[in-house]
């Protein structure tokens, strides 16, 4: 990747710190993500990976530091405002509405009628249906639109959640272990899916599966004890002795 | 009086008869009328549930819920009175059959059941209610369907319904004589007024305060705690600080127990009478829960105590215990509830009719010489003329009656100068 | 002179008021401790907590009868036996309820609320059928109902001292049980990670049952102690339930220290306001303040800031 | 397709028709005025249960304080009626004629200022909804904006119910105290205690209830309804789909409060008084059981639940007062353990399949999950 000027970054995190009763889960962290980049964050358990995503999407409040998204400061915004700004987040465990159908899951994520009144007057018009069907096709669930989400397989649930993000058309997608618990074939399909996605979106992925990381990553950030340990291409990171010591070398 | 007894003597019956042996005739001049003398068509022109042999009445109290504790005694007394009346020939020669409904400590339920007893069952009279709230709830029903309620509880007054006979005392009857006594006999100069937070204690204390101030004496404090409150240490400290001569307590229900136990534990020994405690809310029923040892030495001011030594009362107490067991106790309200059926019978027989309007007309002036409390008479305002007595609490849960007013006190539900 | 009172009078009353504040504090802690364990550690909302307390009170009542009938010589110390019996009875009933009901509902806290409300109704009716609708009078040994006169005005109620001592002992006991015993370790392990605790060989079911039983048992002891200051009747338990829950929630669920701190705050507030205002208003003000603070700080007084 | 047809699925239209038929035709023909008045009273609880279905069943917000709103609605109505019956002529014997009797007993010499607006019927109608909703709004904004939910919310609403009860009882000069506001006689000069009035109130109650039912259904079938379910299951997910979750909870809680308030006002009209015993903790929890028995996810169930439990209460407590508490306690346990979906759940499992099979003969109800097509 070329060296870019800071103002061109999609997301720039600077000096980010959060402390839980004195324990600094994320400590003076800085991170920059460009447009249409797939960034993978790796690191051992407790390195603060999920916390970073929580901080970006507003689930956890930062103690210090700033998170700029297209020039907007995210640290003061509330969760839904961050979503409106264009950041989407997928959780580690598939977080979907099990009591609703796949169609309804996607429909609820469609970015219209997000106010109380909007939700009451929301009509399921052609635009919604087309968009839902389009996304369903992308996430391999076209034939399951009327299925209750509860009875999907684990992998399908992961896809559904990704689909729920896609339908929001966010500029930045954050995925927490998207392939965890997937079969090999599902994993391949997911990689394929991600590769389609990045044509339109930037993506931050947390992943443990190194094979998968190699498949998709443009750049890799290694976190350790709340700090960036190393950053760069997969090859560079793989050969960084600090990384080998704390993580890959195990 | 026993000619109508047909059933074999059960234990209860025998006990009843023991009690009835001393029941004298009624105090009014005309002799009781008999069924054959008054045809049903004449005695019942409004379609009440009266046949040639029977008449239906209602008993409406809480069997369940928080008020069941208090209302049980009234139910028992009313059933005893009805059974005794039946054993002595009934009302206008007709046996009383009662229909009992449960108010469930819930005021709309009272209204609902009252309506059922009046509209569906066509009962000729209803004995019931205990709390003011339940009475207020049923009152419109009684006025709308023209029923007659015999209400047993001592209460705040401020009411005079043509459809209710109040067999308990209204507040001034109970309060003024008690305060006069404590001022005269104990030289009390200052009072601390305390009560549970609802209408009766508040109204009663208002009357007490007015009277105390009229006498030129001092009210050193007045306060109220929510029903069911169990922490009285702060108010006990305030009492200790203000050193009143009299604690005037109108605490009710479970709070009572907590109050007296904490008072005792705080070192306020009521037998030393420094300060002295005067209550209008503790009857023998309440002492069961409080424990006699915790309240011994306190004074209560009301019209009836179980230990009253007159013959009427001895007979009443022995029939009551015969019917409901030796462990049962009789408090002021229980006795007042017992009067209900007898007063109704007297009114019916005086009027020669079950019609509510005629009973209403006949009621004022009716007197009962057989009342356990002695002698009562119905006032024009549907309350009873009665005596007020002071009881001194003993450790065994009974009261020694140490004083009674010489004259009957006139009921005055809307006392001028006390409002 | 302060107002109408002498300086001595005033300080004495302050001392007395301080003492009643402390008594109220002990009463609150005793009420809330069992619930804090059940609600805080297990997330179960036990609406029948008050009824378990009343069970303890009825056991004390039975004991007082038994001793005055058969062992009058030991009557002055029957209260200690009564407390043991109260604990045992509530503990066993608690385990029974856990086994029959609660264990199916661990994932549905709001449903435990409804189910235990049902239990409380049933218990109330059982008490009514067995002991009668009236309140029962529990006769206490004279020494418990006495007081120690320190000065002319200051008199320390022995039952107040007794409740304080008891609360202190039980709090220490609970602390030791939770943080020093094997059961406590297991319980905390189960609270933190049920599956993992099961995997390392902790009998999670038994731990749950014991925890619930213990919470109920402490309620039983509390009920037994409350015969000294309150009433014993089928519905008396309902008087305690709102206060108790507020104390636990205000303290921050899951924190024993929080429960104690909140009991302290609420009791001091209440007894101070009571002294200056009339009783009902004091109660309303205290509750309003607690609810108000909870709205501003819903997590209660004490909670660890944790990673979610 | 007209929007009205979207409202219910065909099968649901049939249930709606059946319910309307039972309430508006069967009950009035079968029962006398007295029983009908009782049913009218039960139906006022159905309003509360309906609100709880939306707020608890769908939204997962358990309120143990619905009595607050029921009571406030009822009190607003009672204040108007009380003022109307406290004319100077009717209260001539008081020291201050023209104010409600309980005020006079408590030495009030003039009407408190906040009673004044209740001389106006229009204002009263407005206040019946506005006062409870305003309180619900304050409570829910404070709680939901701070993400207090579940158990904490339940306990705090319960505490508020307790506070309100103590306040009403303690301020008896202004509120009528523990007795409540009693002896209500006329509504705009018309005797509310007459049999005629009772019929009118019953039918008004039924009409309002069916109206509320349609309103509830409108919410339920809109995206809002699906969002409620979504929020109940995965609140965070909804938030991260760009919704301000608190606003939705606030709305549904206020709507439930409004339903309860209507119920309370109808209760006052039909029973003829209002007292603090409908505000407190116990009635509030009982209202939850009406909803749970009917089925916490069924708006029809709520109505049947309220009717069933209350009818059972009346009959059981008439014939076996001791059993009533056991039955009630057992019900609480059973709806949690045995049939968590209540009567509606049993119906859906056991009876509905038969009904559908029966109907399919006439090609009315088809067994498929309909997803309305685009317009």
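To keep things simple, chains are lettered A, B, C and D as they appear, and every chain counts its residues starting from 1.
Methods note: a contact is a pair of C-beta atoms (placed from the backbone, for glycine too) under 8 Å apart; a residue touches a chain by one contact, two chains touch by 3 or more.
It should be emphasised that the depicted structure is a prediction, and the values quoted were computed from it without experimental measurement.
**Student:** When you check each chain against subunit B and subunit D, which touch both of them?
**Tutor:** Touching subunit B as well as subunit D, we find C.
**Student:** Taking all protein C-alpha atoms shown, work out their mean, then name the chain whose own C-alpha mean is nearest to it.
**Tutor:** Chain nearest the centroid of all protein C-alpha atoms: D.
**Student:** Looking at CA centres, what chain is most distant from subunit C?
**Tutor:** Relative to subunit C, the chain whose C-alpha centre sits farthest away is A.
**Student:** Centroid from C-alpha atoms only, then distance subunit B to subunit C, rounded to Å. What do you get?
**Tutor:** For subunit B versus subunit C, the centre distance works out to 37 Å.
**Student:** So, what's the distance in Å between the C-alpha centres of subunit B and subunit A?
**Tutor:** Computed value for the inter-centroid distance: 76 Å.
**Student:** In whole angstrom, what separates the CA-based centres of subunit A and subunit D?
**Tutor:** 44
**Student:** So which bits of subunit C are touching at least two other chains?
**Tutor:** Counting only residues that touch two or more other chains, subunit C contributes 128, 280, 283.
**Student:** For subunit A, jot down the residues that touch at least 2 other chains.
**Tutor:** Subunit A, residues with two or more chain partners: 59.
**Student:** Taking each residue of subunit D in turn, which ones touch at least two of the other chains?
**Tutor:** Residues 166, 169-170, 322, 325 of subunit D touch two or more partner chains.
**Student:** Once bound in the complex, which stretches of subunit D touch subunit A?
**Tutor:** Per the stated touch rule, the residues are 218-219, 222-224, 226-227, 229-230, 233-234, 236-245, 247-248, 251, 369, 371-375.
**Student:** In their complex, what parts of subunit B are in touch with subunit C?
**Tutor:** Subunit B residues touching subunit C: 64-66, 68-69, 72, 197, 222-226, 228-231, 233-238, 240-241, 253-258, 261-262, 264-267, 285, 287-294.
**Student:** With touch defined as at the start, can you tell me which subunit B residues reach subunit D in the complex?
**Tutor:** 63-64, 101-102, 104, 106-109, 111-112, 115-116, 119-120, 131-133, 136-137, 139-140, 144, 158, 197-199, 202-203, 206, 224, 226-227, 414, 419
**Student:** Which positions of subunit D touch subunit B when the two form their complex?
**Tutor:** 34, 37-38, 41, 93, 95, 101-102, 104-107, 166, 169-170, 172, 177-180, 182-185, 193, 271-273, 275, 277, 314, 317-318, 321-322, 324-325
**Student:** Which bits of subunit C are touching subunit B when the two form their complex?
**Tutor:** Those residues of subunit C that touch subunit B are 5, 9, 13, 16-17, 20, 23-24, 27, 128, 133-140, 145-147, 149, 153, 155, 157-160, 226, 228-233, 235-236, 239, 270-271, 274-275, 278-280, 282-283.
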